[in-house]
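What follows is chain A paired twice: with chain B in the first complex and chain C in the second.
The block that comes next holds the complex of A and B.
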């Protein structure tokens, strides 16, 4: 108890005395992690596609975590984030005024996207996940469905098969993201569309900062507890490199309020989103956890005692190349000079008067 | 002697009776049996025109006897459980050379 109060006091003090200094400190600590993540993607860009050197996540561990989470009696209690993101993706699918004869959902979990869709949008559907239990618990739909157990990194489908590929909150655990995107591009038919979402950017920065501050203070160093995420700026390049055309990338922030840090961690575990980086630390001292919880509350806590956790969701839409798609005009084909653009505004203003 | 003790601590005999019953604290995590009740469908062969081997990206062959999807070139067999093909490379089984030859002769 002493530690707990002591830490919160220290935190409040630093916050009051030098808030700017405190922020600087956080910035300095976060840079190494961000740097590693961007260097990973940069290496991938240089080598083109699948490189054996890129092995950040323990995929078999992630599979175990997902199996554990979906075996919980109240597993659907932790679905709130996936359901929300799933409905937002479904909204984006409805924006495309088409009926897709054959669609695929990668990393479907308990079919969080497709439960919002109907027969008018999709004729036949393939559900793919690494987790067998979740795949069996998918909701009953009126769309004819085929289930396949497969890894996001090794998609077992023929080239030019699907008209639509969707993926929600599963690609952030993939080791070789450029390779996976390239595979998705391969299995799409020409003029097929990929609509996906993954967490990225500054997701869970509150948890990352408070754990790092607490570990530095208690243990004199810190380990990565939150995995490195893809930056929004890199995502466009990755999609372009994988061969997608007419890209749309946007970012959405979802803030969830929890009673305390321990509930944040418990819910992440329930979602099957526990840390599975190879260089993860196998244990976290109770002392450090209490300190981190106190820092979390002091630095980010709301007035009513709850603490926020931020999830930044990166949405991406990419189309496979087809000749009918909109293309940039030929060089030199313009009949209006760029120099007239400023004048055009004046002309349009003058027009109603004349 | 015992009576004296009992007089001093009147509750002890009662406690002695109850000692064997020791409740274990069960964690709130319980596992559900929904997965057990799943229907045992057979593999839909029409899927073969969409599915390929995740490693070589070549088409697969369905072996009804063993209920497996087989890649003859690499000698790998992927299991089918309750009609759901499991195409995760880690779960695949390597087929022995002899077994492969048997299958080949059957095909011929």
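The block that comes next holds the complex of A and C.
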């Protein structure tokens, strides 16, 4: 077993963004990595249709990669990241103090969220994925399940159907993310909730930087090898534009330690997370690989010789509009002044029942 | 490259990369330090060419020794 991954000791959870030093070095390169910007989403809304011009990923290639990954004999060895993120999403579902009669999981893979849920929270569950083999491999669970083979961008459901929609680590391969989020908002019932997790921002920045520096030194220029991710700031805008209310977006960083860069790449392949962006460079010279592995270890390696790979997971919670939801207070309706904050203790003493 | 075995043989060779890299850890560290410490204007093609050639030589020799 070539992965040293001990969850209790090694999995670090931080809520602060941490930037690798080489991002300053290659400052220019950051812009292509912001996959959507508010100006693109505004155009999509103005034309009134989901933008067909956003074609970043080769979806048929992604389907083939996922099928290949599911066909591996030891496919469940690569599930550690998905299981971890799935359990954290399940935590968020439990935090919501209600039950969901009808739930949908988009891009479920071998269904990593539902293993942590039970019949009290969800009555019926629909599983959607592009990969048929993974759907067939989902474990039996006590919640009655229906499996649907469908693409995340073309959900075949009627509007106002579901109480809960979850998505774990599959929306980062979607071409038209604004359109997809709008569809999710559509199929939710009023006062339904969408809880999702996407890989974002600074994920795998160590791998990205090492490859860039190695290609720069060995070949004189560099090409993108890591797929573009959504930035946290864009995610809030996207959810708002899709019509979600009461948004919550937070960031988790999961660091996984590997012996060297080659194992990082091998695990990413095994997870079905190989790059399928149209702009990816198909060739990686052996010299560059060697150089990148050496740079990775020199720049980011630990004392015991292992190297970290960072996965920055963005969790988002959005509710579909319902009249019973709390609205922001009207302007001018304040009846307490900010200056009274110093006298808070007196105020609360005078009101014994509040 | 019409031989379908090329994929299998090149992947087989790549599978040995981690252990060969472990043998050449010292040269790799020297090369890595050279790249990491060069500023943004000094990192041109072959900026750390000497260190890389040393690493590559060590790598090839390790590949010959460890069959």
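By definition in this document, the second predicted complex is superposed on the first by the 288 of 354 C-alpha atoms of A that agree within 3 Å, B and C clash if a C-alpha of one lies under 4 Å from a C-alpha of the other, contacts with A are read in each partner's own complex, and residues count from 1 in each chain.
Please note the rule applied: a residue touches a chain if its C-beta (ideal position, glycine included) is under 8 Å from a C-beta of that chain, and two chains touch if they have at least 3 such contacts.
Just so you know, these numbers come straight off a predicted model, no measurement behind them.
Of the two partner chains placed around the shared chain by superposition, neither chain B nor chain C is touched by A:223.
When the shared chain is aligned, chain B comes close enough to touch A:72, but chain C does not. Legend: residue contacts after superposition of the two complexes on their common chain; A:241 is shown touching neither chain B nor chain C.
When both complexes are overlaid on chain A, the residue A:143 reaches neither chain B nor chain C. In the overlay built on the shared chain, the residue A:284 is in contact with neither chain B nor chain C.
By the touch criterion defined above, A:54 reaches neither chain B nor chain C. Interface residues of chain A facing chain C in the complex, by the touch rule stated above, are 2, 24-26, 213-214, 216-220, 259-260, 262-263, 286-287, 289-291, 293-299, 305. Across the complex, chain B is touched by residues 60, 71-73, 75, 126, 130, 132-133, 135-137, 146-151, 154-159, 161 of chain A. Within the complex, the chain C residues that touch chain A are 14, 17-18, 21-22, 25, 27-29, 31-33, 35-36, 40, 43-48, 52, 55-56, 59. Here chain B touches chain A in the complex through residues 29-32, 34-35, 38, 44, 47, 49-55, 57, 59, 81-91, going by the rule given at the top.
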